[in-house]
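Labels run A, B, C and D following the written order; every chain starts at residue 1.
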Amino acid sequence: MKSFRRVSREHHQEDTVVKLNTSQGPVFIGEGYCTIIAGPCAVETRRDYLDMACFLRSAGAHILRGGLFKPRTSPYSFRGLGKEGLDIMLEARALTGMPVVTEIMDVRDLDMLSQSVDILQVGSRNMQNYTLLDELGQVNRPVLLKRGLSATLEEWLLAAEYVLCGGNHQVILCERGIRTFETYTRNTVDIGAVPLVKKISHLPIIVDPSHATGKWDMVIPVSRAAIAAGADGVMVEVHHDPDRALSDGKQSLTPDNFKRLMEKVLPLARLDDKK
Amino acid sequence: MKSFRRVSREHHQEDTVVKLNTSQGPVFIGEGYCTIIAGPCAVETRRDYLDMACFLRSAGAHILRGGLFKPRTSPYSFRGLGKEGLDIMLEARALTGMPVVTEIMDVRDLDMLSQSVDILQVGSRNMQNYTLLDELGQVNRPVLLKRGLSATLEEWLLAAEYVLCGGNHQVILCERGIRTFETYTRNTVDIGAVPLVKKISHLPIIVDPSHATGKWDMVIPVSRAAIAAGADGVMVEVHHDPDRALSDGKQSLTPDNFKRLMEKVLPLARLDDKK
Amino acid sequence: MKSFRRVSREHHQEDTVVKLNTSQGPVFIGEGYCTIIAGPCAVETRRDYLDMACFLRSAGAHILRGGLFKPRTSPYSFRGLGKEGLDIMLEARALTGMPVVTEIMDVRDLDMLSQSVDILQVGSRNMQNYTLLDELGQVNRPVLLKRGLSATLEEWLLAAEYVLCGGNHQVILCERGIRTFETYTRNTVDIGAVPLVKKISHLPIIVDPSHATGKWDMVIPVSRAAIAAGADGVMVEVHHDPDRALSDGKQSLTPDNFKRLMEKVLPLARLDDKK
Amino acid sequence: MKSFRRVSREHHQEDTVVKLNTSQGPVFIGEGYCTIIAGPCAVETRRDYLDMACFLRSAGAHILRGGLFKPRTSPYSFRGLGKEGLDIMLEARALTGMPVVTEIMDVRDLDMLSQSVDILQVGSRNMQNYTLLDELGQVNRPVLLKRGLSATLEEWLLAAEYVLCGGNHQVILCERGIRTFETYTRNTVDIGAVPLVKKISHLPIIVDPSHATGKWDMVIPVSRAAIAAGADGVMVEVHHDPDRALSDGKQSLTPDNFKRLMEKVLPLARLDDKK
């Protein structure tokens, strides 16, 4: 893997810690922290999203997620509220003081999103959308780069290299499961990617156990595994009524299960002196 | 696979045959034809590209390929000549009368490319770039849709569905190898995808044995397998001097080997009464 | 792949052609021949097996297959007739003059089977059963070695090396599909393995499209692809009444479809001057 | 997954805990315990093995491992000391009071091994060697069943079902990594298999991070992930001088690193009240 430059630990020895400023003080992602990103798969209605944001705030989540532009395998599935959802998301941000993260799919949305949300997410399907990565290298916003469905570790880090070599050094890697022959789970979490990324690169890495497993009752044990393996946080889906979610209901935690997640995960982080 | 509509044979029973008009008469891709698409991986210099185009014309190829915007795993690799290469490609088109195909990566290039080239190619990495697929549904140009590196048959056909449901019914599917555990070849050709697509869908399907194998000496046997399995054509890489190619040299045929390919493949097509 | 010795073409340049003597004259497997192995997945009843053998003989098949000891994923599935089936198989052999092939799973059956059947098959699940491979190196019977479900080309050839280094040089390799993420077919045929094995090794290689695809209507196109890619033959499952087969019914051809297979495959073999 | 009977939690609700009697008191594997199995990949020399056994005893390991009959991809690799090694292993057992586990490959070794070692291991390559599984169903010894390289969860549990339906209910499952496209690590640990097995079955499950990753510096983080996800223990390779090991040196811990493993893993077990 000689092709890395800016993402490699040889190039930059110190761990990169991303800092997000909020009205409630800063939020960090990187070595020494255990950061919890939570929210519904997609922003669906104003009322539900604001309620969820308040709940997550009180339950200890650090960052709020929510899809506005949803990449869907079928063109006939719900594809997100788009710009209308952005207003709701920003209202939740103002209400709770939590930073927000959402996925960007189209370079033509870059101005709008980079001026309003705290982290720009690149989804698995766009991990090698180099047009998008080149543009994200030019903006002054952290990028959450999900691993492609069948991307090798090398390809993933080289996708991050695209953003860094454009001048934007604020990249957070997100392991979200890879595609294997096993069909019992939606994807297979590559837990080994966590210590490997930590060794090779200075960038933060988090795990998304919701997409990685596709099953809500695996989210807690896999989140624990992620933190125990050295991940800097997890990103999970939470929905008030998973059975009625417009997308990804099966993998969403209920609010009660999210509370249980916090109880089961935080002691592991404390064991390693993570904040 | 109930989610298909426009791509399925139930929706449209007759085979779709794509017709390209040229100064030398029409070129067809679809059932009953064996169409050979050939050219270098990327347009590199004017002189070499025009020479190659003339050679391929005389050797019996039907359509000319050549990359202008190259998706590369590393940001430091050669990324194509861009618009400068387009002029060279159009000169080769005028000179030989052959239709041309090139990859589109950025929706912002769509006007330029859809007005000048005969087929717009979507690469593996962008198979689920829905922003791009939505836009391609709006243009009046055939789309060559490569299968994603780890896309299931269902995901691939649903990507085609995006284009068809936008109103553009001229989609050609291209099997280009999938990612498996086997590392001896670059990818693994899923030869079974050919009869499966023919059964499920009315769309034409071709095979790209160059990218699928990554080895020039496998291109002829795999091309033969493709045609024997029922594919409507193949797309192969040819380079005057593969050792000096700026990309994909190892999988490129020399002009002499391209002639051998034609000798070894065409008799199989004739056996099935393909033109 | 420096670890090969006896299986490699460098060690033994001339193609190995396996010769089976029968009351009707010799049957060959190897370069220059297109050998068709056919029969039901398992020997089920005496009457049906003898009828099938006579049909296959008249339809032009060269070798008769039939499982006696069936490796089944579940212990509760039909596991074969065992020694009782062997008598039926040998009766079919005497009746038709066709050589027979069956799978061996237990080293303790080796004496019995090596003295009665013409080819000993090693199934996918036992490709790395080194106890069995070591013993097969000691017998004077050809071995049909199926590729393991997720065996690399190198591992497969090294499994053959076990047999050859024991002193038995009569090994026939059989590509039967590998396990990938694609679930539409039972396995994914690695068609590229055919030219690769032909290049690296002197051993014959055939393809089993029935197990590779799991779908009877893909058997003909994939058989054609195999022969076009250079395979020395195919092994297919045929059953008088696939819907009532005790195993693998979905992938079995009816007798009529077997006749169609012969009509569609033999012209390809003739094109390459194969007998 | 309706095909399970005896392995399923519906059939047997209470967790199976395997008990091994030793001169130092009982050792348990199952829910509520965190059991550490350690030792070199293969028994190489008497002196080294006895030294290692004493070290591991003092460092807190519970069970001693060591290969006698080694399944090797190439027939020319070191294949184990065989029966000679067994005497050494039993001497270490007598010296330390630790129970021992070794792999069985050949049914003809069953009498010898089942009368002398505490746990009989079935390796990945033999997970579907049904001849062996049937015989293991007849003995009164716990079986450590490794997951096959590309076995689905269902196939793995059905392999255990073979042993249970023979009458032997003492099966310990061992996740040891699955084969995927990623080549940076030897295999990919399927960490999700841990909570899934715990949910579906009553059998104990442990993880082998040494074979799963192939890299010694990943053994500690992956062991931590395993315990955090709910595994009942880990099995790791330790060697006095990994660079000179006759097999698997790259994935072996030094004694010092084994001590660090214990320091990093045991606090996680204590957090969940595991003994």
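In this section, contacts are C-beta pairs under 8 Å (C-beta built on N, C-alpha and C of every residue); 3 or more make two chains touch, one makes a residue touch a chain.
Since we're looking at a predicted model, the values are computed, not measured.
Student: Determine, using the mean of C-alpha atoms as each chain's centre, which chain is farthest from chain D.
Tutor: B
Student: Considering A-B alongside B-D, which chain pair is linked by more C-beta pairs in contact?
Tutor: A-B
Student: How many angstrom lie between the CA centroids of chain A and chain B, rounded to a whole number?
Tutor: About 35 Å separates the centre of chain A from that of chain B.
Student: Roughly how far is chain B from chain D, going centre to centre by Cα mean, in whole Å?
Tutor: Here chain B and chain D have centroids separated by 49 Å.
Student: At which residue positions does chain A touch at least two other chains?
Tutor: 150, 154, 179-181, 183, in rising order.
Student: In their complex, what parts of chain C are in touch with chain D?
Tutor: Residue list for chain C touching chain D: 3, 5, 71-76, 105-108, 125-126, 128-131, 134, 149-150, 154-155, 158, 161-162, 165, 179.
Student: Under the stated contact criterion, what part of chain C meets chain B in this complex?
Tutor: Within the complex, chain C contacts chain B at residues 1, 150, 152-154, 178, 180-185, 188-192, 194-196, 199, 212-213, 217-218, 221-222, 224-230, 267-268, 271.
Student: Inside the complex, what are the residues of chain C that reach chain A?
Tutor: 150, 179-181, 183
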